[in-house]
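The same chain A turns up in both complexes below, where it pairs with chain B and then with chain C.
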Partner chain A sequence: MKKLVLMMLCLLPLMAVAQTSEEKGLEIAVEADKRDMGFGDVSSSLTMTLKNANGNTSIRKMRSKTLEVQGDGDKGLTIFDKPADVKGTAFLSFTHVLEADDQWLYLPALKRVKRISSKNKSGPFMGSEFAFEDLSSREVEKYKYLYLNDDAVGGEDAFVIEVRPNYKYSGYTRSVVWISKTTYQPLKINYYDRKNSLLKTMVATGYKQYLGKYWRPDEMNMVNHQTKKETLLEFSDYKFQTGLKSRDFSKASLKRAR
Partner chain B sequence: MEARKKGGGYRRLLLAAALICSGAKAGEWSGYVAADYSYFPQSALNAQQFEHGRLSFSAEPEFYHSWENDDSLTFVSFFRWDEQDPQRSHIDIRELLWMRARDDWELLVGIGKVFWGVTESQHLVDIINQTDFVENVDGEDKLGQPMINATFLREWGTVDLFVLPGFRERTFAGKGGRFRPNPEIDDHSAYQSAAKDKHVDYALRWSQTFDDWDVGVSHFYGTSREPRIIPTLAPAGLVLTPFYDIINQTAVDVQATLDEWLWKVEVIHRSGQGETFNALTAGFEYTFVGVMESSADFGLIAEYLYDDRGASASTAFEDDIFIGGRLAINDAASSELLFGVIADLHESTRFYSVEASRRLGDEWVLSLEARFISSVEKRDPLASFRHDDVIQLELAHHF
Partner chain C sequence: MHRFERYFSEWVIRYRLPIIIINLLVVIAAGSGLKLLGFNTDYRVFFGEDNPDLIAFNALEATYSKSDNVFILVAPKKSDIFQPPVLSIVEELTELSWQMPFSRRVDSLQNFQNTYAEEDDLVVENLYENVDELSVADVKRVKKVALADPLLFKRLVSEEGLVTAVNVTIEFPGVDRKAELGAVISYSRGMIDEFKTKYPDVDFYVTGVTFLNNAFVEAGERDVKSLVPLSFLAMIILLFILLKSVSAVFGVMLVIILSVVTAMGIGGYLGIALTPASISSVQMIMVLAVASSVHMLVSFLFGLQHKDTKLHALSESLRVNIQPIVLTSLTTMVGFLGMNFSEVPPFHDLGNLVAMGLCASLCLSLTFLPALMSFLPVHVKVEEDPGVGYLAGIAAFVIKRQNIVLVVMSGVVLVSAYCATFNQPEERFLKYFDTSMQFRVDTDFATENLGGLYQLMYAVPAGSPGGISRPEYLKNLDLFNDWIKSQPEVINTYVLTDTMRRLNKNMHGDEESWYVLPESRELAAQYLLLYEMSLPYGLDLNNQVNVDKSETRLIATMVELSNVELLNFEKRVQAWYGKNMPEFMNTQGTGTLMMFAHVPDKNIKGMLYGSILALFIISMILIVALRSLKVGLISLAPNLVPLTIGFGLWGLLYVEVNMALAVVVSMTLGIVVDDTVHFLSKYLRAKREKGYDSEQAITYAFTHVGKALVVSTVVLMIGFGVLMTSPFALNSDMAMLTTWIICLALIVDFLLLPVLLLRFDKDEK
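Presenting the complex of A and B:
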């Protein structure tokens, strides 16, 4: 028995060497997921600055709440404050690992809660360069992974992995993600469109640690290489574990979300 | 001494003010002011009605205040000034609502607005609020309704109970206005209930989500929001008197959201308003995402509208079909286009409508609305609107 254990121990480094790029990619994704587990709930304020090719800017402000759901995708609620004509509009989503997400939109002028098709994953979020799928919760099972190489972004060591969506209706064939070796958070993502040409690059900066565990960025900047438009997404007022419940993410809660 | 005393009083006042303010999270104003111009290309059906153009202004200031304990107060007022029709110039309190929300219940007291239903072409199930018909003939604008509304959130669904003290009469264009029945609507309404507009109405709704299915079942007892229009002989001649019956209405609304398909149905069963009847709207919306390799979405909408009273129905949509489209460009200006036609399956009557809007800068919204009615049979309820084709352009400033 002892011999067997010893033999196994000797074999372990060999097995690590024999790990395929797929296995290493998945391992990194699982580790990233594990490190962010247990945050419970988080809310934050967001400012989006849309810039077109001529440099004209337009501002959107919103607040976002997320509830961690064990064994499924997270629940999210986004409340819009600016531009003024969409003030009070609220967006509720229950993300799922592989089946279609559930989404509702609240239109304050009509007091109407509308269930909407979640097929629109590739559609722009509020006319920005971020698509809905760029901002929804990243569950491990939603993608296939491939480890490419090691690299550095702004002096920070990173794993570079290729990620291919497993779900229907993605706007991307694949994306290449630079994941920090220290925080296991994405530092940079290159998105490739359905024709597999480089579409967008997202760079996340200003990562800070909350509750001694969870890393969140202060800024995410998305540049569209094909249209030359870009969107800067700034986060503030991160609050973790404020005691949000699933009732705060219900159709009824949409009407009082403001 | 005197000064100190005064100072103390001032400090106490400041302290009191600070206490009140610290108990409040926010008190904020928002809303819009808008100017619009409508053009009616056809000459009016009746000589008393105005011709061609109309300038109008509207505003909807809103105040919202919430306290530390999450109670909130919402006040939404509405103002409309119309160049041509004094009946259309009106003021309304759309909302004046105090709300307390806790984990599994909510209580709303005041004047409020509630929407029920899923379909696009008409809103059969939506019954709590009266339609502000002078605002728009599409029935989407509503008058504020006095209410006490208790909501209970349970695992097996959401239950809403309503006590509705007081009734609002439907607004109608004046004799000089467009989109008015012919002959004109009398200023005096008639009621079945001796309590008239003081009758207390009740409503109950259960709603629940089962995976891809959203289901609602509701019952309403009280004054019908939709009046029967009764021809009456007045000293000035023949007029139309709105008659408000006491009705019972049971309704079901269901939406199935299956990928790009939204399947929708609304059914009502109403008694007390003449013959007991059933009505239905059912159809689908199919969304094409990223049409022609752009980021735009196009939704194709088709709905069937039915009312088993047939041609005797007060509604124009007793056996009709609605075909429409919704184009969302998904650009920074939120450009949108909604168009459609309701066609009678037995007659040649067609009701076309187009709505388009886009944001200009961060605070302005430009919108265009057009409605056309073609080949109306004389006995169709839409007949009195047959010369009221209209194109309207509105510029709104949101704050």
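Presenting the complex of A and C:
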């Protein structure tokens, strides 16, 4: 008994220093969040190419604006340009950490703004392989983290961490994220569905630095392993800190958005 | 020829040890392919790769979601489904179904995406959640929606609200199909069993395409596990009665086993995947191998009974049997190879496997069997055969009453030929499984209460990307939907316009008067976008709309239909469509039902060619082997008459002819010709070697080969009789008709053939 106590006492300082995998995972997430903090607002153009198992494709075009919100999820505004019959449709969302997002859609054909009341973050964005939750900002509090190991993606060193959503209605049990050691941006994400089978893999490429600080990808490609469908998102014309304000992200702003 | 037979039979006895070893080595080499032999777990194997209906169906599935599904029915015993305990069960089932391996999507009453307006909000949510918190008013609301919304009513909720269903869409990765299927089946069954114990007041049933596939596998496995051992046992008992020698029975059984192993092993190397239809090849090889090796052993034992030495008796039996055994094996093989003309690939496999098995058993019974017997101790009692007297009696009767026999037989043939025209090619693929299979019981329940596996799909093109939002398209689609829904065969439809109407209503404060289609393309497109953006995980629109929105899919759930009724229905659809729909929207029904619908005609046509070709080749073989054109032509009659009577009887009793029965012609042709061959070769031998006249030759044939014919007929009838008990109709029906024909063949050979010989093979002197 005495021996055991002695041993425990010897181990105590070690235990205090050794970092658990949970702590290391969280640390990486916090660092990633810190590095991206303060971008203020960003806008970009997007081309979305959907591809089904047959290889048939369909292209959608839109513009997106994001406003950074401290202490909660960001606000986003998406204006659709293509296909022509949805041109001018605008989508406003206030993402939240643990509650359902607030979402509005302006339908130009109806000339009305409709609030969408739905708990859905797990649903597909515009019929693509990206779910809303894949595209919204990654606040630290949204997930629980677990550091797994180090790895490399396309020659770039990365931390591999497992991320479990805290949101009850998430479509995933977990995802595994490869975070670049240099940019702290995700290079690759494996998503596991509700029965914990591999569902999708997202690969982000062409990261460029803006304002000397913020990294954004040129392309994100999502492959659904179960349905063999794919969605490619191509970003262009990133503009940071263009002076967007909260009032640019209001219900009233939707109708003006062109 | 005679010199060859003598040389060969002596050679076999001289080199008997090397022969045994070489045979075993060859069998081991071939048999090592057994490990490659697997079960095909997809019912689509019943359609050739170039089958246009299969191609259309696969294309449809690649565009929309897969049709593999598990369909679970919930039927409370004493109430309707709108009771909190039942609703709670449905919620629990829905939740657990998301955990089913390879599940892609779960649709139930509970997670039905109900949309409604709340001031200026569009609410999209599960129809209900957390049953404990539901008020009486909530339950009422659920009931109202369930019995009104066309997306639920008669689709997931039965007409009176007594039965509801949870539909799980499965997307198999297709890496290890058998294991994947097994995982889904065992998960579903485990879940259902648990629910059954937990909720004794509720009945649960499970069906769906996944269970259909599994039923095919299980039917095959049941045949292997119960019918094969049963056939084997029957053969052993039968052989003991016939041969009364342990060694002889042992020898024959070894030949059977080695033949089966060889054929199946080579099948494995050829990449044949078994199906319940082709698995019956195991039994057929067994039965046919017995029939041919019995001839060998009967002569051998006969020699021993007459105090011949063992080795001499063996080589003598070999000598006299080489020709008939080679001939009958060859003709039987031709008949089975004729199955390659079938439209249904598993029957190619069946025919080829049996042909390979026969080839193996031919080689084995001519080399391995005599070589083996020479090493085994054989004891026989000397006794006279009592059967010969009866056979001579039949011969005398036929010769004396030949005119009456001819008239009666001709009458029977004519009536049969007439009755045979009653037969209708019909496929009801769910009826392939008999009610001893749970799948059939559950599926019947589903069909009666909700409509189950009988679905027709129409992919309706809109002409251009995004075109499905055009008012003209939606209006026409709606028109088509109204029409098809009003047809008596259609239970329910699943169509985009129902969603469109509902959204339009929701967008206008849920006012009933707005339950109409949107008038502009932009509006429709934007509704769709809105709806698409509101759907949760897994419940996207892709099961209805293709990727560039240039086509939608209408699914019609049908009442039970035979292929004939279905083709008539489709003809009506096309006629209506041609008259009322614009050309760019042209479409054709696809789906499992449709695939089965077109098979019978093509199959029958194919098998007609196959059977005629087989008949031609077999007749040629007979003419050459018997060295007589006239006798060869006479042999056509006893080969064709049993088939005619058999199909006549079927037309009188059953009428419905499925795909398996079309291949019976070619198959039985090869089998029944054996009797004719044996009879005719003895008949000709008597005439040519012994100089008998026709009457004497007929009596000679009766007394010398009659018993063997009766014996082999009994063997075949018992063998196929066992197969008749298969739970799989393609096997049991085929076996029944085959059994009849084999029995009829013996009768015809004993009655009609002698009469024809007397009439047309008159003595020259």
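FYI, the second predicted complex is superposed on the first by the 240 of 258 C-alpha atoms of A that agree within 3 Å, B and C clash if a C-alpha of one lies under 4 Å from a C-alpha of the other, contacts with A are read in each partner's own complex, and residues count from 1 in each chain.
By definition in this document, contacts are C-beta pairs under 8 Å (C-beta built on N, C-alpha and C of every residue); 3 or more make two chains touch, one makes a residue touch a chain.
Not measured: the values here are computed from a predicted model.
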Combined model on chain A where chain B meets chain C, clash or fit: clash
Contacts of A:P83 with chain B and chain C, given as first, second, both or neither: both
Contacts of A:K239 with chain B and chain C, given as first, second, both or neither: neither
First (chain B), second (chain C), both or neither touched by A:K119: both
First, second, both or neither for A:Q226, with chain B first and chain C second: second
Chain B versus chain C as contact partner of A:K34, first or second or both or neither: neither
Partner chain in contact with A:K213 - chain B first, chain C second, else both or neither: neither
First (chain B), second (chain C), both or neither touched by A:L50: both
Which superposed partner A:L105 touches (first chain B, second chain C, both, neither): second
Partner chain in contact with A:K181 - chain B first, chain C second, else both or neither: neither
Superposition clash, chain B versus chain C, among 240-248, 294-302 or 312-320: 294-302
Footprint overlap on chain A, comparing chain B with chain C: 50, 52, 58, 83-86, 110, 112-113, 115-120, 122-124, 127, 169, 171
Complex contact set, residues of chain C against chain A: 59, 62-63, 65, 98-104, 118, 120-125, 171, 173, 465-466, 469, 507, 520-527, 529-530, 532-542, 546-549
Chain B-facing residues of chain A, complex: 50, 52, 58-59, 82-88, 100, 102, 110-113, 115-120, 122-124, 127-128, 168-169, 171, 245, 247, 250-252, 256, 258
Partner chain C, residues of chain A touching it in the complex: 50-54, 56-58, 80, 83-86, 89, 91, 103, 105, 107-110, 112-120, 122-127, 131, 169, 171, 194-195, 197, 225-227, 229
In the complex, chain B residues that touch chain A: 30, 32, 64, 72, 99, 101, 103-104, 106, 113-115, 118, 140, 151, 153, 158, 207, 209, 211-212, 214, 255, 257, 259-262, 287, 289-290, 295, 297, 330-334, 359, 361-363, 365, 396, 398-399
